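Listed next: structures, encoded as structure tokens.
There are two complexes below, and they share chain A, which is joined by chain B in the first and by chain C in the second.
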Partner chain A sequence: MAPVLAAPKPALPPTGDTPGGGGAGERAFSWGVRSAAIAVAAILVGVLAFLTIRGGPSMFAGAGDLPARATSFFQLAGPLAFGSLWVAAIALAFATLPAVGVALAATVYAPSPRFGRFLGAVLDLLAAVPSVVFGLWGLMVLAPLMTPVYGWLHDHLAFLPFFSGEPSVTGRTALTAGMVVGVMILPIMAAICRESFALTPPALMEAATALGATRWEMVRTAVLPTARSGIVAGGMLALGRALGETMAVAMVLSATPFLISFNVISPENPATIAAFIASAFPESAGRQVDALIGLGLVLFAISLLASIAGRRVARKAVAR
Partner chain B sequence: MTATIPSAAGGAAARVHTSPAADPLDGPLAALAAAPWAAPGGAAAWPATPAPGSISIRAVSCFYGSHLAVADVSLEIPGRAVTAFIGPSGCGKSTLLRSINRMHEFIPGARAHGTIELDGVDLNAKGVDPVAVRSKIGMVFQKPNPFPAMSIRDNVLAGLIIRGERPPRAAADDLVEKSLRRAHLWEEVKDRLKKPGDSLSGGQQQRLCIARAVAVEPHVVLMDEPCSALDPISTLAIEELMRDLARDYTVVVVTHNMAQANRISDVTAFFSLAKAGQPGRLVESGPTADLFTAPQVAATRDYIEGRFG
Partner chain C sequence: MSATVLAHDADRSASCGGGVADVLASSRPRWGRRLRNRLALGAVVLAVAATAVPLASVIWESVRRGMARIDAELFSSSMWAVVGPGGGLLHALVGTLLITAATALIAIPLGLGAAIFLTEYGAEGRLASLTRRAVDIMVSIPSIVAGLAAYALFSLLLGPGTRSGLAGAVALAMIMIPVVVRSSEEVLRLVPQDLREAGLALGAARHKVIRRVVLPTALPGLTSGAVLGVARIVGETAPLLLVAGFTDAMNYNLADGRMTTLPVFIYTQWSAKGLDTAAYDERAWAGALVLMAVVVALQLAARHLPAQIAKLRRNR
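For the complex of A and B:
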């Protein structure tokens, strides 16, 4: 018994082999917690099984069994995967700087803690706006507003592949869709950045200030390097959300299937996986539905990779 | 409560002006100081020649919001000497120290009234940039705080890196060696300058922070209980260093350690407060030898004899 007593105590007793010694309440609580954990894993496995069993075989489907008169699954999935990543990348490009800026304003630049809390509440409200509302806003406000800007971009920057070709007259372009999704992922990114900025050791901020740093120099030396992993993790989680965004993109983006294009102001744009599934589903039947499920599997894999990368970076940040 | 202004700053100075320009690296460093990147904005407000770095505190009161933390302190801090602030917790000695380089502005609601002058320049005058004040008056903190994302070398150069200055390689190497030598750290780290700043022991980290503070060529180095997180051997190293620093800089140190104040300082200022929540006041100040052997005020005597209730 003695060596056991001498061993360092774990922070929490392992749940497996200690009865806990409690009564019925203790057992019920323990059972509830465990079944919740098992349920989460079971749901994930179930979804994966559904996607693989129904969608997997469609990867070898030929013409006739695929939506949009595609001749092979990859002819359909490749451009769609590109479209998803492209729109998500535009969204990240638009959201990153404002997210970092808002998070800085809510932490180190806040004139008072009250202002910081107010800004946090505004971001939470932005996160609470339903996707369909963002879609309507993008379609009816942002798209017409951006049309003249796209004309200007084409007139002056047509030498860049992003702005070559005739610009869209409706404004329902990849750039508009990316901006709408950017606004949608702004709150989650800003929230994660805000948390990692708030974790900056005050001692480091003092060290920089005492060396004669201005506020911005202090942020650059003490805050951003410590929070770098937090910013990347926030970007990855936001990317996951941007990839899955369906409704707003389906409403805003004027999409053409099978298209891979880096032009962001054209009337013809690559479609995204999520928006394509939503719009093609009502017109599909039988094997075509299976192909849509297969597309879901592709999106799931992409999002999973983004999420794993984000978690890995975040864990590194904690370990440091 | 009477505040005795030290009249014997000369006595302190006699102990410190002993080894002018003994360091062979003084030459390159002087050239560095003349380089445009070595003169941060606002430096023109101070004399370009090495100043004595004496500080004059007149009728200074510090507030946290409406709470009066330090009341009506007047004190002359002699240049190029070690001045120790001693006194019980909560007597406002750290608060006063922070108001010297305007670090109290970091704390929301903190403000200071009165006049603080460095070599005759009012540090709180309109148009004086706190950033310029802090580049003339460096600070070392209770807990060593090197930048963990920077190498030892970059930590020493942090004051320049922060301002986006890129000195020539050779000049930077000279500055790193000179500053680390001044901080008595060079021999221990010269072979691992690329290692992260937080890979050092606590005492070494604190000396790295001192090297970082002196690398920007301040006139004054403020130290807020610099040894309270260190073991006795590291403490001894820092104490020796403080004596050494006083050849080139004005050193003001807050300490809870009476023996330390007695060992290292030329001038001691004793602060106290009537009771918790009451503002801290300067009780007595003067040459350390006098204050510890013949205190003028009963409260000082009680405190240094450990009879403080």
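For the complex of A and C:
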């Protein structure tokens, strides 16, 4: 994973005329790399243009042109946006503490640099597990495992809105989906936390220890405060990833469109934008596909906001 | 890391007997603080477990449930006309190979070229900052949105409802390009400035310095970045489901017709089950096992290739 917190180093070589430059080879090469850079920027513009041209008008589409027999685009998009944010919030709730803990284990608590590297490899591998494999795992391993837990939660904590109502017997609930997505975003968040913990000035840590602080007190007073914006940045970037997660949610979550519900153990759950697009696409045609592209545009906007916010916080973390 | 060492030394000297230890013992933190310290350590250990257990479980379940179908038939046949047990994922392997290769052919030259421009030519120009911003935004494109964009492009060019491996490769390239640009840019920046200046001072043209000095120096890191980019896209499902579709048959032609890859194979084995559900589940897990093996191999390659390339070069 590319470092997010590393400050951009000063630009390198002196540009302009070079002694041997100016030949045909030089012109061809610099033209080649320049057009590659232009192409990368153009691809993004193209993506935005195609999505807007095809998906934009669907925001004003009426009944008949929308999937799932929706009567207006916002009737469809509103609950789906809620579902995406809800599942992502559950995922963050599950991932945050373990991510901070693992990052601490890989830096401050690591008994040896080798252990830190080993944990890094474990995190890289976890980040590399394809989402379809996580979907299969969540569906066939985690969901059956969680079903009795949901029964227990309903029996004992039904006064909370999250656990009221009959629990799901399949375990394919918002809570299971959130847990699976949580496992998937954990390595992303941990990587950024790890980076920001590594930026703690050693003198600060040594000073705390010299004053008689226990290791936990050293972490609490020296490491966590300096890394706070790094942790927040990691959370925002992980949120962006969680919002875009498609296959694991589509496979695990048993979703009902148009539903807004805070119940996390029910057999009926709000759908997410990404999972809805994936599951509705094969059976959509014509204008309905345009509406799905419009939904994609909404999803892009939401996750872009999350990652812009994350990057802004990260930059602040470096500046301090 | 020096603070870690310090903390260790304090632990050790506090626990061993003798004169200095007695003095230190009197200044040992009181039990409440010691307890909190222990609890924090326990929480960190739990966090490591919370990371390791799901990973171990995913690997273990893929092996346990998929191993039964790791046989010759799996790697030598497609799903054509198979409705019960048997069948294989050869068509998905071929599809993965073709689509991944096509994606890499699009993404690596573009990504590397843009990175060279950013580090060696652009520096602080307007095009450079525009490209950097574009890369920042592309990183946060959800993969399904990349699929939708590729679908919109290809349905505009070739009419609605077209499915092809090439469209899949275009969608995946949108995901891979920012990964390649970022990792390449980072590696190119690590090449010592002295090397560039030495080359330029000897009168070499700029592109010669880049091609003969900068790129060879950065090659190990560039390779590892490219491999990680491939690892990132080889497990993608959602965009391919939209634009490459799926099929039970072999398809060697990227430009024509539906093409299945390994992740899509896993998904369709689960989503479109026949009567004999156990056979489909077994195939899905066998596919997951093969895909995990591919991903692990790519990760190991990214980790060890740089050192190998450096060693080869030293021996030459």
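Worth a mention:
What we mean here is this: the second predicted complex is superposed on the first by the 284 of 320 C-alpha atoms of A that agree within 3 Å, B and C clash if a C-alpha of one lies under 4 Å from a C-alpha of the other, contacts with A are read in each partner's own complex, and residues count from 1 in each chain.
Operating definition for what follows: a contact is a pair of C-beta atoms (placed from the backbone, for glycine too) under 8 Å apart; a residue touches a chain by one contact, two chains touch by 3 or more.
All of these numbers come straight from a predicted model, not from anything done at the bench.
In the overlay built on the shared chain, the residue A:301 is in contact with neither chain B nor chain C.
More residues of chain A lie in contact with C than with the other chain of the pair chain B and chain C.
Looking at the shared chain after the overlay, A:260 reaches neither chain B nor chain C. By the touch criterion stated above, A:212 is placed in contact with chain B and with chain C alike. By the touch criterion defined above, A:225 reaches chain B but does not reach chain C. Common to the chain B and chain C interfaces on chain A are residues 113, 205-206, 208-210, 212, 214, 217-218. In the complex of the two chains, the chain B residues touching chain A come out as 40, 101, 103, 106, 108, 131-132, 134-135, 138-139, 141, 143, 145-150, 158-159, 161-164, 209, 212-213, 216. Residues of chain A touching chain B in their complex: 112-113, 201, 203-214, 217-218, 220-222, 225-226, 320. Residues 1-4, 6-7, 10, 27, 29, 33-34, 36-37, 39-41, 43-48, 50-52, 54-55, 57-58, 61-62, 65, 109-114, 116-124, 127-128, 130-131, 134-146, 148-149, 151-153, 156, 160-161, 174, 177, 179, 181-183, 186, 189, 193, 196-197, 200, 203-208, 210-211, 231-232, 234-238, 241-242, 263-264, 266-267, 270-271, 281, 284-285, 288, 291-292, 295-296, 298-299, 303 of chain C are the ones touching chain A in the complex.
By the touch criterion given at the top, residues 2-3, 6, 9, 11-13, 15, 18-23, 25-26, 28-30, 32-41, 43-47, 50-51, 53-55, 97-102, 104-105, 108-110, 113, 119, 121-126, 128-137, 139-141, 183, 186-187, 190, 202, 205-206, 208-210, 212, 214-219, 240, 243-247, 250-251, 274, 277-278, 281-282, 285-286, 289, 292-293, 296-297, 299-300, 303-304, 306-308, 311 of chain A touch chain C in their complex.
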